[in-house]
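Naming follows writing order (A, B, C and D), and every chain is counted from residue 1.
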Amino acid sequence: MALDVAAMRRNFPIFAHQPPPFHYLDNAATGQICAAAAEALTTFETAGRANVKRGVYRLADRATQAFAEARERMAAYLGATRPEEVILTSGTTFGLNLAAHVLEARVGPGDAILVSRLEHHSNIVPWQMLAERRGARIRALGVTEEGRLDLRDLEAAIDRRTRIVAVTHCSNVTGAVTDLAPLVARARAVGALVVVDGAQRVPHGPLEVASLGCDIYALSGHKMFGATGAGALWIRHDLLETLPPFLGGGEMISRVTIEESRYAPPPHRFEAGTPPIGPVLAMGAAADWLAGLDWQAILAHEKRLTARLIAGLEALPGLRLIGPRDLDDRYGVVAFEVAGVHAHDVCQLLDGFGVCTRGGHHCAQPLMDAFGTVATVRASLAPYNDADDIDALLEGLEQVIRILR
Amino acid sequence: MALDVAAMRRNFPIFAHQPPPFHYLDNAATGQICAAAAEALTTFETAGRANVKRGVYRLADRATQAFAEARERMAAYLGATRPEEVILTSGTTFGLNLAAHVLEARVGPGDAILVSRLEHHSNIVPWQMLAERRGARIRALGVTEEGRLDLRDLEAAIDRRTRIVAVTHCSNVTGAVTDLAPLVARARAVGALVVVDGAQRVPHGPLEVASLGCDIYALSGHKMFGATGAGALWIRHDLLETLPPFLGGGEMISRVTIEESRYAPPPHRFEAGTPPIGPVLAMGAAADWLAGLDWQAILAHEKRLTARLIAGLEALPGLRLIGPRDLDDRYGVVAFEVAGVHAHDVCQLLDGFGVCTRGGHHCAQPLMDAFGTVATVRASLAPYNDADDIDALLEGLEQVIRILR
Amino acid sequence: MTMDLYNRRIVEAAKRARERGRLADADVSVTRDNPLCGDRITLDLRFEGERIAALGLRVRGCLLTEAAATLLAERGVGATPRELWRAQEDLRRLLAGEAGEPVWPELAMFRPVAGVKSRHECVLLPFEAAAEALARGRAERA
Amino acid sequence: MTMDLYNRRIVEAAKRARERGRLADADVSVTRDNPLCGDRITLDLRFEGERIAALGLRVRGCLLTEAAATLLAERGVGATPRELWRAQEDLRRLLAGEAGEPVWPELAMFRPVAGVKSRHECVLLPFEAAAEALARGRAERA
């Protein structure tokens, strides 16, 4: 069945608040919150708030149960083997930094950590910092001209000294989806761990994380139509059991004396302090709602819109697409340059037509460097986008080119 | 003027949602959200959401401005010298861990870090971890029989090897307020930095952090009637400029290549990734609202209630108060034991009377050890509490003692 | 509901826990903590073949933990490991709100705890300690 | 409002920035980045006494940065440091939405940018580079 976009939009409160023309195409930066998540957030914060994990009165008990349920919902959406594999965090960036700290003992002087030129800064800088702390080296997989991860020379890129491979599941600039299988196979062969940045993959439907073969998977709730302030980090349970804590504080201990502390079992060991309860409940509600959607219809819809957008862009004079032209193994994240016009000027003028796009390096400077540019314009799609949004963008672009060139 | 509690309660949505009897006395665990914060949170998440710091379209520009304004509001509430001194975090625990990481280079083998037996685990465990990373030692100030920080032997406790002094501004168990002046003076004399855990102080009115003499001050938004998921960390600007980043990722860099990264100036250097925007706006709105209240009236009101509670407790058979009896230099956080009855059983039964209290070690096991106990019951006050709440607690306790002893 | 939770039978069972002592000649002793509150139970078991011949305990805990410990001590003597595991399973199911008669009918007094998730661990703690003791006893005999 | 922002004067001033070149015989050269977008401006200054005798530049930036750079180059030659600082202050005030005629009337073309906080830095960047160059020039003469 085709997606009923009008019905889909009714699930997103933003459209009742932003008067048309409102063409929100900055979903890779943050998605809009869905009604289920907004409801979970507001109900908890205003009508049922209590701290979790400690209280026995009903309000606290219900909050604790709701929090546990959010973990289960995330586990189900991700396809985790068990809920305890899901650490509830404040976002992808925090999750990747947590990973880089708890894996510290696994990296020694002279070892290598492999990232890629396709990565968001959040999946580069924590590894640089780890490498510096441990005297290890950073290496990087390249990108193809299409803006995909270059997997041709994995034998050379991943060798015995490689301890960690950290790659994105979907690029936040080119939309390219990474073929994890060969990477994972090669990493396994040399005993390296695979950390996947799932921030841009997760808004596009449920997944089977346990069968991807990776060891760690990070994501943000605000990009999957939850609230800002929450995220999740999946860690394979056998690895998880062996890892030391990252942050210290309440809830992650089993016993504290001034001299020393004993730590709680996972996942609590990795969740110090009061968690972002409201945002976590919102993320759980979003996951639950997303899990029930018809993803075949949604992905077909997104693919049609992506095709329309790419075709339209290619028809414009002086447009340069940064990313794959073909529509397989990619999501609706489309970056481009307009010859002779700065990305921010493009975005600013598009805003005048009610079109929200992002200009800049998209926290992916190594990728910008690889394409010999500094800043691009990016349009990124969500299930609530429709052909009108694409057309408004394309018409806006025509005008921009007319005005500025 | 006396506080109009009924009017105060109308500023807290929870009371419209929880049917009476509802006596919320677990404010030290989390406060209830105020209307201003709820409004800021919901409006941002459902009606105006965009990511901050990067977008140029109006929605994003407004979000960025609102985020900057939240920082200014926090700076004003705290009495910071400039907004850039305020790092926006996900909470106190995160803030204290951040502090323990960015101060790492200042602690060497054989150095000492001074905490206290009055601390919440969040102000102990991060320092233990730092001490372990650097081969330093942890020492601890004791507590008096009254449950106050024992400041008698500061000359001995803080010596030339002491690099960091980490203490609470207000105990989350005994309510005692720390007299920071002598501590700060002694720390200054030996060149040690002073880190203050302000989580329990901040809900009780604006402060003048710049004149406390400390270097770092941590707090959580959810305890000051904001949303869960946000906090702030104040760092004196001259110190701040010298500190390395903690987490790596988007927004905290000025330039990233695969080989190395250059970092942005404070506060951005310390704010990697998408921040908890909604919760931060809520915290800013709460601070702004709190700043406009009549604190003389509120504190007098809280003091009266605390007196009523302590007097009532002392009249009960077999009650043991853990904390100061006098009403000066303390806030309305009152912990006690009921002889022969377990704290959780007390709390569970009190819940039957609509009274929400907390039982357990309150993430302060060293303090429990100092008082030779494992778990206590705690009642903690906020501006919306009234004499009815206290009386319901006291009557409930009488019944509990009758039933269980 | 809170009052149901502290029904006479639970309160009285809890009192009996305080009158019990440790075993001097245990084959296995196990100590378990409840991370929620720092509560602690120590369980001593003596075996005759597979069966539990004697059971001692010390509890520092809430009424629910005490009552569950008493029930375990009173019904556990003479029980086989299988029966004890069965009882633990039935207790879990009962706390999950499932219907059905448990193998030890007295377990039914914990039914009101089903509604308070944060207290489940209090009731389960003695049974978890017992399961660990049985596993250790078996390992030592093997 | 967006259209105001890209008024003819700004667009044309921006174009002129692209026609300018660097100075071969500069006394001071300063490079400044805009962290928002990685934009970069390089400014060359030559002095005659206190006054700016010549000004060269290279901009890799948006229209707003280009237009501001042009304005600076066209009005800056012959200016004293004091005048330049004054212009920068007036520009800040104008972006903050304050009324009043700026010392260089052409600065008024940036008034529509006041409403878009995230672009203020784009307009200020060339002036910040100039301020740094002046401070350095002064330090070198001292």
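Criterion: contacts are C-beta pairs under 8 Å (C-beta built on N, C-alpha and C of every residue); 3 or more make two chains touch, one makes a residue touch a chain.
Remember, predicted model here, so these are calculated numbers, not experimental data.
Minimum number of contact steps separating chain B from chain C: 1. For chain pairs A-D and B-D, the one joined by more C-beta pairs in contact is A-D.
Of all chains, the one whose mean C-alpha position sits at the greatest distance from that of chain B is D.
We define each chain's centre as the mean of its Cα atoms; on that basis chain A and chain D are separated by 38 Å. With centres defined as mean CA coordinates, chain D is found 45 Å away from chain B.
Once the centre of each chain is set as its mean CA position, chain C and chain D turn out to be 78 Å apart. With centres defined as mean CA coordinates, chain B is found 31 Å away from chain A. Shared interface positions of chain C, defined as residues touching 2 or more other chains, are 36, 38, 116, 119. Counting partner chains per residue, chain B shows two or more touched chains at residues 54-56, 58, 60, 255, 344, 348, 351, 359-360, 365. Looking at the complex, you find that chain C touches chain A at residues 33, 35-36, 38, 116-119.
Residues 1-3, 5-6, 11, 36-39, 60-64, 116, 119, 122 of chain C touch chain B in their complex. Against chain D, the residues of chain B that register as touching in their complex are 53-56, 58, 60-61, 64-65, 68, 254-255, 264. Residues 342-345, 348-349, 351-352, 359-361, 365, 368, 374-375, 403-404 of chain B are the ones touching chain C in the complex. For chain A in complex with chain B, the residues that touch the partner chain are 13-14, 17-18, 24, 26, 29-30, 32-33, 38, 41-42, 45-51, 54-60, 90-94, 96-97, 100, 115, 117, 120-122, 124-126, 128-129, 138-140, 220, 222, 227-230, 245, 247-253, 255-261, 272-279, 344, 347-348, 350-351, 355-360, 363, 365-366, 369.
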